[in-house]
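Order as written gives the chain letters A, B, C and D; numbering starts at 1 within each chain.
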Amino acid sequence: MTALPTLLTGVVPPVCTPLTPDNEVDVASLERLVDHLVGAGVDALFVLGSSSEAAYLPDGHRRTVVSTVVRHAGGQLPVLAGAIDMTTLRVLDHVRDAADAGADGVVVTAPFYTRTHPAEIARHYRLVAERGGLPVFAYDLPVSVHTKLDADLVLDLAADGTLAGLKDSSGDDGGLRRVILGAPPAFSVLTGSELTVDSALAMGAHGVVPGLGNVDPDGYVRLYRAARAGDRDGARAEQERLCALFGMTETGSPARMGRSSSSLGAFKAALHLRGVIAHPTTAVPQIPLSPEDVERVGKHLATAGLL
Amino acid sequence: MTALPTLLTGVVPPVCTPLTPDNEVDVASLERLVDHLVGAGVDALFVLGSSSEAAYLPDGHRRTVVSTVVRHAGGQLPVLAGAIDMTTLRVLDHVRDAADAGADGVVVTAPFYTRTHPAEIARHYRLVAERGGLPVFAYDLPVSVHTKLDADLVLDLAADGTLAGLKDSSGDDGGLRRVILGAPPAFSVLTGSELTVDSALAMGAHGVVPGLGNVDPDGYVRLYRAARAGDRDGARAEQERLCALFGMTETGSPARMGRSSSSLGAFKAALHLRGVIAHPTTAVPQIPLSPEDVERVGKHLATAGLL
Amino acid sequence: MTALPTLLTGVVPPVCTPLTPDNEVDVASLERLVDHLVGAGVDALFVLGSSSEAAYLPDGHRRTVVSTVVRHAGGQLPVLAGAIDMTTLRVLDHVRDAADAGADGVVVTAPFYTRTHPAEIARHYRLVAERGGLPVFAYDLPVSVHTKLDADLVLDLAADGTLAGLKDSSGDDGGLRRVILGAPPAFSVLTGSELTVDSALAMGAHGVVPGLGNVDPDGYVRLYRAARAGDRDGARAEQERLCALFGMTETGSPARMGRSSSSLGAFKAALHLRGVIAHPTTAVPQIPLSPEDVERVGKHLATAGLL
Amino acid sequence: MTALPTLLTGVVPPVCTPLTPDNEVDVASLERLVDHLVGAGVDALFVLGSSSEAAYLPDGHRRTVVSTVVRHAGGQLPVLAGAIDMTTLRVLDHVRDAADAGADGVVVTAPFYTRTHPAEIARHYRLVAERGGLPVFAYDLPVSVHTKLDADLVLDLAADGTLAGLKDSSGDDGGLRRVILGAPPAFSVLTGSELTVDSALAMGAHGVVPGLGNVDPDGYVRLYRAARAGDRDGARAEQERLCALFGMTETGSPARMGRSSSSLGAFKAALHLRGVIAHPTTAVPQIPLSPEDVERVGKHLATAGLL
């Protein structure tokens, strides 16, 4: 366990979870993926988020993921773990597992599946923070949670110390900006929007959690460093290159599969083609990419000079 | 474990989960609640659905609920258990727990939280049925899952034996009817819509899973028996009385709490006022009813002659 | 103009709008369609609803529709007209046109396109009723309006005389029942749910507004009369026959077209095949059914004995 | 009528529609508002968008607005007009009115109210462009239309010359960027997101359509000019000042009114307090701000140095 810095900054990739063909965690591949990311100079790791297929992983798999990554890299950089579940007590079970495995912080959504209310969301975060014993980052992901975290609510929970930060995957950069402008100094604002990292950093976001960073961590590290160095044109050029690469997530036809199958399938196909992981398998019941889809992922990599 | 009948019919209340003030399962109250339901003549029990606060219960609580109810009533009538989780492998863990505890069948939603696709939903149910070893009932609950189960998809999965039945809480009685008219004879269609049970039975639904049946199981048993006896006016009169009683679920103000807090809070307050359970506690982070809310619940009970 | 009865009851088909191939109103076909409906014994006519493609018709077309139908049938039975637009002042323009053309009442949704609030919905209906000078029926169509009319709001507006009735196309028969049970005696409750007409009538609904009634008005008239005569098995049998016929609305592939194109395309293809209207044209930008789709519509008609 | 430049750029405020207390267009105030905007140096005007309450204005009001603004300012800068309606033929009626009144281009959403499909959206825009005779800008406003315009669809319609530009009010800056990176050179990309104008311009957007620009056009002109001059820190500082000012849109309580009432009420209250328009009236059925709300709007103005 690495002490979490007062303010988490930089590139924090949401680590994919390599699986064997029978859907077990492929620990060796996971370690190689961590090496691939750490070698590129990322600043922290986020496991068990959407890019990690957290929604698809049983608790045993989840524990394996956190303990593997902490054991392999925990001395070098902070490890955040998603504690993704429907409501407070279930989330707290995951927080406990994450703490036991040595995670440095947890990332938690509003309640989902059940119908909720702002007062219940606030109570949820307060209880998770009080009882969990780890720094809590709010995870704003309305496409999954079906509730948008209101900027004022986040700012209230930032002001009273309930939250250590926000991982914003809402795609709503106006709302993101309201949090950036209103939050206390030690509150970390991280964007999960792969295509607007340069914008978010220019607004004052502290870090970035890009799913595509699994495939091209060097690109996001260069982008982040250019932005921090005030080289905005360099940051924009890097970002635009990554926008083109992101086209790989649309290779799987919407007529055949959902958007999770297509995006995560592309990331894993790319990691497999780049030799980082042993199998491109995504968890059931996702639909695998076709050989033609994989070929198109390969072309994206080639165009980006990543093969 | 009671062998599940070929066709599940009748009143199958979704059993509330009594909790202690510190949110542990109140086993003694749960047993009294089961006695209250079985004594009224219900035909089966459904644990770990929405009325059971399944979304709020950690796995340990869930296991306690199933094993308590099976141990207490399992010899007398079938027990179905919800296996509510985001995707296939997580659901299968719950199915395993339910089977170990002696449940007779499981009730399973489409994948949620992740973005999904009809082909993935079908794959999900097929895998749960193949690997789980228990009869699977599809749970159509779009207000939670944010996907409506398509009638044609349900009928395909009914025709090939993947599904043993449907628990329809969509509120869409047109869609329900399409399933009733198209399903094979041994496929059980159960409605979760408390306010249209007489309609659903008149259309050919086999059973009813009413949350309000926790509070007034005798009412739903009378309604079911009247409908089965062809006494449609009697069924309608009973249904209309229950519609009035259902007004209790709106006592908690939407300005203060979500609809889960209000509905489940009312059911539990009513069960507490009727002396069935020891505490009206709902699981965190739900907001408790106010004393005035509870008083109004009491008036609903009094009007219905249930106090 | 026919005085609207105190309580509107019976079969009130939402009249399709026949179009020429260049999207003008086909007045002769519209008159034949009205004859086809009136001849079957329907109780009133509803023009400019969803089945009439009101959303697709310019104001000139709308005026032609109302005046044609009133002139052709207005002495024989009441004519309701949709006044479908985004907000109050725009709706009032349509109400004025409907009154000028001799309509007996108007059917009005909550505000749409703009973000609204229950207090604004109430104000909207009150202004339309006060200034419009015609009886107002609320149109609950959440699939289009993206707001569900709350039963309590409808009941408030029924109690104070703002609304003369409700046309419920929400598919939520529990909500429909709450209105039926709470409304004053002269408030007309009409269901737009083609597949559950027998249920709605058994609950106490006063009438039915079935899009499919364009194709088979005799069927809905028989269904209504059976229900009113207390012949519930006869009503159910007729309803189930109509449920099978309704399958025609799914002939157009969702990969090629929207659900409006498919449903209205099927109704118009059926009316064309039955010789009632001269062209099966739907308004732009809807996608026409393919010849194979039309053939399948024909098979539905043949199976139902309507060719 | 001013010839529309090949590429529309700069600050294009969506002009509010001043109303008299009885909801007529207040022509004198509208002319003063246009002077206020033109005097600040804006580059074009957009009438009949959301900030103009287009959804609330009858056709007569709409015609008055376009003709007033064109007559008053049409020689000096281009005037775009919203042609906001449900489907193609209705939109074309508005396009005709806009053309007659001398507008230089029209802004058009995807079909709404009816259920639609990408093929129908494409057909809609093609017909509007072919038959309307004015340059067409797509208006992406999912909060109203309930469909998000897909970036690929927009790019197809840009490539074949159907669309002259995009007004993106989706809040999805990742999607906006995909359009910017893929569009042909003469395609104008305008952002409607008031809080991220500096970001959008840094990405390559050509212009900005800020509702708040009614209140503080000088601010948006300074922001735009700073961004174009490469003074990114200056642009950011101006943007952050405007973000604080935007807080005025939240003065109206969500318990009392909808978000349209609150936002447009604040803009009009501010214009009234600044002496630009004679009445702060918003169109029915919107709920007026309370005197306390107006006082808070005044405080926002005072803080920003605008009183």
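The rule is short, and it goes like this: a residue touches a chain if its C-beta (ideal position, glycine included) is under 8 Å from a C-beta of that chain, and two chains touch if they have at least 3 such contacts.
The chain lineup, named per UniProt: A, B, C, D = 4-hydroxy-tetrahydrodipicolinate synthase.
Everything numeric in this text was worked out from a predicted model, so none of it was measured.
Chemist: If you take the chains that touch chain C and keep only those that also touch chain D, what is left?
Modeler: none
Chemist: Kindly list the shared contact partners of chain B and chain C, in label order.
Modeler: In this structure, no chain contacts chain C and also chain B.
Chemist: In steps of 5 degrees, what rotation angle do you get fitting chain A onto chain B on the CA atoms?
Modeler: Answer in degrees: 180, to the nearest 5.
Chemist: Give a one-word verdict, same or different, on whether chain A and chain D use largely identical residue numbers at their interface, taking over half shared as same.
Modeler: The interface of chain A with chain D is built from mostly shared positions.
Chemist: If I average the CA coordinates per chain, which chain comes out farthest from chain D?
Modeler: B
Chemist: Where the CA atoms of chain A average out and where those of chain D average out, how many Å apart are those spots?
Modeler: Roughly 35 Å separates the two chain centres.
Chemist: Using the average of all C-alpha atoms in each chain as its centre, how far is it in Å between chain B and chain D?
Modeler: About 48 Å separates the centre of chain B from that of chain D.
Chemist: Which residues belonging to chain C are in contact with no fewer than two other chains?
Modeler: Not one residue of chain C touches more than one other chain, so the list is empty.
Chemist: Which pairs of chains touch one another in this structure?
Modeler: By the stated definition, chains touch in these pairs: A-B, A-D, B-C, C-D.
Chemist: Under the touch definition given earlier, write down the residues of chain D that touch chain A in their complex.
Modeler: Listed in rising order, the residues are 171-175, 177-178, 181, 193-196, 198-199, 202-203, 232, 236, 240, 243-244.
Chemist: In the complex, go through chain B and note every residue touching chain A.
Modeler: The contact residues of chain B facing chain A are 23, 50, 55-59, 61, 84, 86-90, 92-93, 111-117, 119-121, 123-124, 127, 143-146, 254, 256-261, 283-287.
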